[in-house]
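As written, the chains take the letters A, B, C, D and E, and residue 1 is the first residue of each chain.
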Amino acid sequence: MLPQLVRRLGLMLFTVWGAVSLTFVILRLAPGDQATVQLGPEATAADVAALRTELGLDRPMFTQYLDYLGGAMTGDFGESYRFRDSAMTIILDRFPATVVLALTATALALTVGLILGILAGRSPGRLADRVISGITLVMQAIPPFWSGIMLILLMALTLRLLPSAGSGDLEHLVLPAVTLAIPFAALIARITRSSVAEVTAEPYIQTARSKGLSERAVLSRHAIRNSVIPVVTMVSLHIGTLMGGAVIVEQVFAWEGVGSLLVSAVGNRDYAIVQGATVLFAIVVVTMNLLADVLNARLDPRIRAGVTS
Amino acid sequence: MRSRRHTAIAVTALLGLFATTACGAGSADGGGATGGGEIAVAGQFPTESIDPNGALAIDGGTRVASLQLYSPLLETVGPGEFDGKAAESWEINDTATEFTFTLRDGITFSDGSPITGQDVAASFERTVAADSPFSANFVDVGVQATDDTVTFTPAAPDPALLAKLTGVMITPAEATEDSYLDKPVTSGPFTVESFTPGGDLVMVPNDRYWGEKPTLDRVTIRSIPEVAARVTALETGELDIIWGISDDQVTQLNGNTEVQVVSATGSAVTTMWMNASTPALAKAEVRRALWQAVDFDKKIKALYPESGEPADSVIAPTVFGYAPQEPVTYDPDAAKQALVDAGFDFDTTLRFHFSQAQFRQWVKSVVSDLAAIGVKAEALEKEQAVYTEDLLSLNWDINIQQVGTLGLDASYNLGRLYTCAAERTGYCNPELDRMLKLAGTAVDPAERQAAYADATELIWNEAVGMYPMFVKNLFATRASVSGFEPDVEGLPRFDTVSVDE
Amino acid sequence: MTAATGLRVADLTVTYPGPRTSGFRRQSSITAVRGVSLDVAPEETVALVGESGSGKSTIARAIVGLVAPSGGAVEFDGAPLSNRRDRLARRNIAMIFQDPRSALNPRMSAEASIVEAWRAHPEAAPEGVRRDPRRRREAVVDLLAQVGLDPDVAGKRPTALSGGQCQRVSIARALALRPRLLICDEAVSALDVSVQAQVLQLLVRVREARSLSMLFITHDLGVVRQVADRVAVMRRGELVENADAQTLFSAPRHDYTKELLAAAVDLDVSG
Amino acid sequence: MPERARQGSAGTLRVRDLTIALPGPRGMADVVDGVSFDMVEGRTTGLIGESGSGKSLTAMALVGLIPDTGVATGQVLLGEENLLTAGRARIRQIRGAEISVVFQDPSTALNPTMTIGDQVGEILRSRGLSRRQARERAADLLDHVGIPDAAGRVGAYPHEFSGGMRQRAMIALALAGRPRFVLADEPTTALDVTVQARILDLLGRLRDEDNLSMLLVSHDLRVMSHVADDLVVMYAGRVCERGPAKAVLNRPLHPYTDALVRSVPSVRVRSAIADPLPGSPANPFDRPAGCPFHPRCPRAEDRCRTEVPELREIAPGRVSACHFAELAQRTPDTVAEELR
Amino acid sequence: MTAMGLVHDATVPVPVRTGRSRVRRVVGAIPIGIFGLYVVAAVLGPLFVDYSPVGGDLADRLLAPGSVTSDGGTAVFGTDALGRDLFGQVLYGARTSVLIGTLVVLFSGLVGITVGTVAGYRGGTTDLLASRVIDVLLAFPGILLAIVIAGVFDRSLAIVVIALSVTNWIGFARLSRSMAMTLRERDWVKSATVMGVRRGRIIARHILPFIAGPTLALATIEFAGAILAEAALSFLGLGLPSASVSWGQTIASGKEYLASAWWIAAIPGTALAVLVICVGFTGDRLTRHFGRQQ
């Protein structure tokens, strides 16, 4: 188990390294740089050149890369020129808000998605399945920025039930979480549906039926537990997608998370923030994948034993 | 502090406790019966830094915060007119090379330490040293200080220095960048209760402020980037004052009796330079004809009925140096004829650069007006950094930006951007250089005013750019808010605001 | 010209890499075949028997180059088959798989499957099939007739054919290259009894008609009895007994062979 | 295993005219058509046939486990009760308790995420036993089917068992509810020969000990000949011959049975490839008219192509659906001779 | 290998063609029909409806659907804040959306299938390399990378397509890789290998045809995803250059008029959602179809 864990961690590290390097390259390939944006249209070319030297942007790309990598290894992702603070500090400050949003949305999406998915998957091809698959298609087809604004208009302006935008307490959490949960719930429902449908076709379900168990017992004791295993994997793999959605939802609802921070940082060329945030997202995704594996191993004794088929 | 707050959110959310706080920090009564009260306000830009003299000094969010939190030496109250803030009085020598300010007696920072001349000098030096956008204003300006005076000595005569100094906010001499990350010591009417970079800034009155103290107990500046969300929040009462709204929203808000709209003239002018170094645009006749070909009045009425006002000068009326000009009237036929006469090549496609989404509608409608007389123009929306690079390298034919005048003195705008050396507009005229130099160095205000008037007339007639519109800032407030009055630069001030429940 | 000495497997060892757990390292490898030596003389039929996991199929795969041996040598007519791209060897040795349907590409007609063999080895193709579609169809029909199939099978896809027909097409395709050795990897195991008998009969017939050697891999001793000249018994990757069929069935020497024979139920019609 | 009292006297499960329709490419088709046989106490009935014969479907229909889209008609009589018309709840009562099933592939028929003990004991839990009691009973049952150290392995998962052990566990699971009838669907097909023999022995022993009635579904005539007391031979969804196993194999009264017997590759003699039956098993969704076997039958005549032969008793206990069965009854059987 | 999968009875039910299922098939074909209409509208619409993104009379701003414009025409879908006809925008936007979706799917499909198939078929180091690259890219939320790329480079169709393809190809790669790995073990591939059929031909004839179907199903899903993602980028102000007409931009420009001129965002939003739903539906059907076939 231990060497496996070490390997696993090594792989995670590799992935994060790749993520760090990729963002570095993309940002360096982009036209314009921090110096241009920071000084704005008012500056002269000489000012820009001076700042570039000061920031070390005139050094060879590879030197800058090694420098950056060295910093990243010690947790230093550079300083945000806008916030005048360590980028990671700023990001980590915002991170809990994103985590709260993502967790709430995931919880919502899991509840709705699992219920819909199980209802549809236990009778594939029947009316319930068709209706639910229709519903999930619609849920996936509506862009979150659109549904978010619509929810604001409806819940905040027309019904005056919830606050429109902002960060902080639970009331503010409801709308962004719901908006973020809609497509995710649809995704979970679809994964669950096919997983349940697949599992209910397995011979051991027939075995369970042959014992005289009620359909409910067959479903709850045999089918659902086994169908949830792939759902767990898929859900954790799609945490990235959720985080991506959070970027937009945070923007709409002025939720002070990493997503809205990132969007403004991209516009402002605040490299340190962009790099730090993408790396943080990468770490989250990689960690979620690890978590999924651990969870899977807990749920599936075959994986626990290292039996892979 | 900041992280503790977020942990608290996390814990509450995870426990699933449904707190029933009434509409956020909105107009909840602060509890005080006399005056007091709390307001929440929001614009479109997040407050990322509250360092008044740092790199973000003129960034929307930072600037609004600085005005509430800090005091400058003096502030502009009208074109060429100033009021002392931290400075009680000032003296200027005959050559405009020495400016001596005497500070008010017994004034202190929010922590109770006295504000000294050294503090002012240090603030000034930080402004110059930091990559602050203000630093370009202060080339070769020396500074000396005593406990209660501070003296600025520009190497060359700089009659506009007073105006420029209105931007320098006073912070303690020992302040560093890190001082602004948490709860900085302030010198203005408000001080910081809590601040999340990019998030909420909560301000409470500064008890040690020497001037008139704010009536409000608490002001929260929030960032709500989505305009629809911002307007909704105002209508639901979650916010009390908003800005960064468009004219179409004003139409919408006008129907709401709980809301009132306030507009404030700033110094911004919609400026569309035409690159005179482009062969097709080299002739002033051509540039003038293009200007004539666009029906700006109609656009302003349609698109900016509330915030726009047809411009009659290169700089706004609030700015020192303003001189009204003969408006350019829309006449497409004359324009077309003028172009034909000037031998304009109708096959050229003019590259019309812009970078901000707010200009989209405007640019597109200008392009369609030009198309109507057969001039091909291509709207090119540029990514911000690319736009800036292109702008500096004159890699455009027409561009659009809102040009403001910091400190409300034409030297900031005309004096810096229109000289041959600046190479910003593509237009170079030694005559103009001469006028601007005179305007920038003459000690006598009347002489300066006259020189700027000449320069403005030249720029206007030569059509270095099109100057279609003065831009007013739009605010909307709840009806319960009174005393809200933006300053001469069109920026919000909350120290005079009160709220009744 | 080398002597026709048939297939010679000497001291063959095949090691499978363990499942790749993550990234760069693999789990401990599994030795599927350990030091097996086996000859198949010209025109001889050797049956390779054993239970699942005994390594019998792995030997077949190593011979045809589907897996790379980690030790030992495989020769055909004295020429080593070390090079996986050895085109001549590919021609000389043909293989029939267990699942009659999946051995044929479901998107290709029987004709296309057979023609593909000729395309891979133009030198083995009958005269004129490369250019002339009519000649091609004739040659295919001729081959199909040899395995007892109607001409109309040529245009059909595997989904339109029965299991037995598919296996016949596979045999026809194997014969298309005029091989010297035919390896049948559980070639009749998945067939219904009645069809199994047909295919067994067909294999025996073509073996004689074409003077083929055959390596017949199966777990069914009854099937072995029907076709084998000699029997090699595998157990856990090793060869435990290799004897003349008659001898092996009447006087097995190894304990494991005895156990296998004892367990091999025969039709009981007594009483 | 303690002897238990059997309630009721009907030790026989009678299948009468069982017909199962499934949706096919051309609408509903009777893929099982008029099948009748008895499962008698203490005897093993062998249901044999090639692919498409409908043998597994027939067996599954006895406990109502056919696909949702299928329709089963006819009678499956447990005592006087027709299980085909019984309600769902009643069927669930019967499953496991009266009739249980041993499935073909123990590696897929056992839930991979549940311990063996829990799976074996599940049926007991649903009868109100405590978790511990159920585990103890499960251990007894596992011991009963010959799993060494049964008590220590109730907590094991299926993947920790070998194939043979899994099938033993499957059998224990089938016995847990103390059924009187056990349906074994190809119980040894997925196993190695040596293991196969042991499992067959076990099934035989259990049948004798508990006086069970067993239905063994298989395609393997060799296995059948050792285990079955009675044989039902199916072809294309119909019964073509039925009778005591030895008699059927010795003197087949249907040419299909005869051909099957001849096709079996024997370990002793080279017989199978001598005279194979032509063609492929009929497609149950597209059954030939008349006698479904006629396209492959060496004896087929014109009437076979049009007239469906009636399933009828030819000799005491011997039933056949061949127009010429009476003829076969009189001719001396040569097949058995050869086999000896 | 003793699994005798084929021996036991084949009782796989095949769908029946009854009257009811015929109705169902017709109903099921509707989304495909609508999808087809979009494509036709995207390809041919602009030939019949004249629309210029720079046109529009300011006098006709914010007209409700069905209003009469100053030049006497009828704005079926209303007009936007610049007085431009929304019907034209929807029609031309369909072209942009379909074009972007198609380009992204083509581009990422090509890359993904190539990488996936080769990695899956060859295995070994090639596979390892591809897997690691995919791991790294998967560590980014797709839209995030698109935001970064579209955000820092100058606006153009090519950048949007690249930004969306950067992570989009992974889906194709993973699908074709896993399929190639399975197919590699299929006997027909082995028998072709044993016969000495060349590797390229094996991939072309024995692997790719089987990947094609499920890939097509995936392509429809990715197509819908790309259209949605483009709209999201436009919403953030990072999408296409403003000279182009896209639903995302129209929706984004209408977001501040939601309370006063709902149609600006609602109509293209509906057009977008309906297209995505129809494409998704088509994808579902394809997935089911090819799932059955496997």
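Methods note: a residue touches a chain if its C-beta (ideal position, glycine included) is under 8 Å from a C-beta of that chain, and two chains touch if they have at least 3 such contacts.
Everything quoted here is computed from the prediction, not taken from an experiment.
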| item | value |
| --- | --- |
| Greatest separation from chain C - chain, by CA centre | B |
| Which of C-E and A-B has more C-beta pairs touching across its chains | A-B |
| Identity of the chain that, by mean CA position, is farthest from chain D | B |
| Chain centre separation in whole Å, for chain D relative to chain A (CA means) | 52 |
| Whole-Å gap separating chain A and chain B, where each centre is the average of the chain's CA atoms | 38 |
| Inter-centroid spacing, chain E versus chain B (mean Cα positions, whole Å) | 44 |
| For chain C, residues contacting two or more additional chains | 23-24, 51-52, 163, 192, 219 |
| Contacts with 2+ other chains: residues of chain E | 2, 4, 6-7, 132, 151-154, 237, 255, 258-259 |
| Contacts with 2+ other chains: residues of chain A | 11, 14, 30-32, 149, 153, 157, 251, 267, 269 |
| Chain D residues within the chain C interface of the complex | 50-51, 192-194, 196-197, 200, 219, 221-223, 225-226, 246, 249-250, 259-274, 276-278, 280-281, 296, 336, 339-340 |
| Contact set on chain C toward chain E in their complex | 23-24, 51-52, 57, 64-66, 85, 87, 90-91, 93-95, 97-108, 116-117, 119-121, 163, 170, 173, 177, 186, 189-192, 219 |
| Complex contact set, residues of chain C against chain D | 51-52, 162-165, 192-198, 200-201, 204, 219-223, 225-227, 249, 259-271 |
| Touch list for chain B against partner chain E, complex | 226-228, 231-232, 246, 248-249, 251-252, 298-299, 302-303, 357, 360-361, 363-365, 367-368, 371, 378-383, 385-386 |
| Partner chain A, residues of chain B touching it in the complex | 2-3, 6-7, 9-10, 12-14, 17-19, 21, 23-24, 42, 46, 48-49, 51, 54-56, 59, 131, 133, 136, 177-178, 180-181, 196-200, 222-226, 228-230, 232-233, 235-236, 238, 383-386, 388-389, 391-392, 401, 416 |
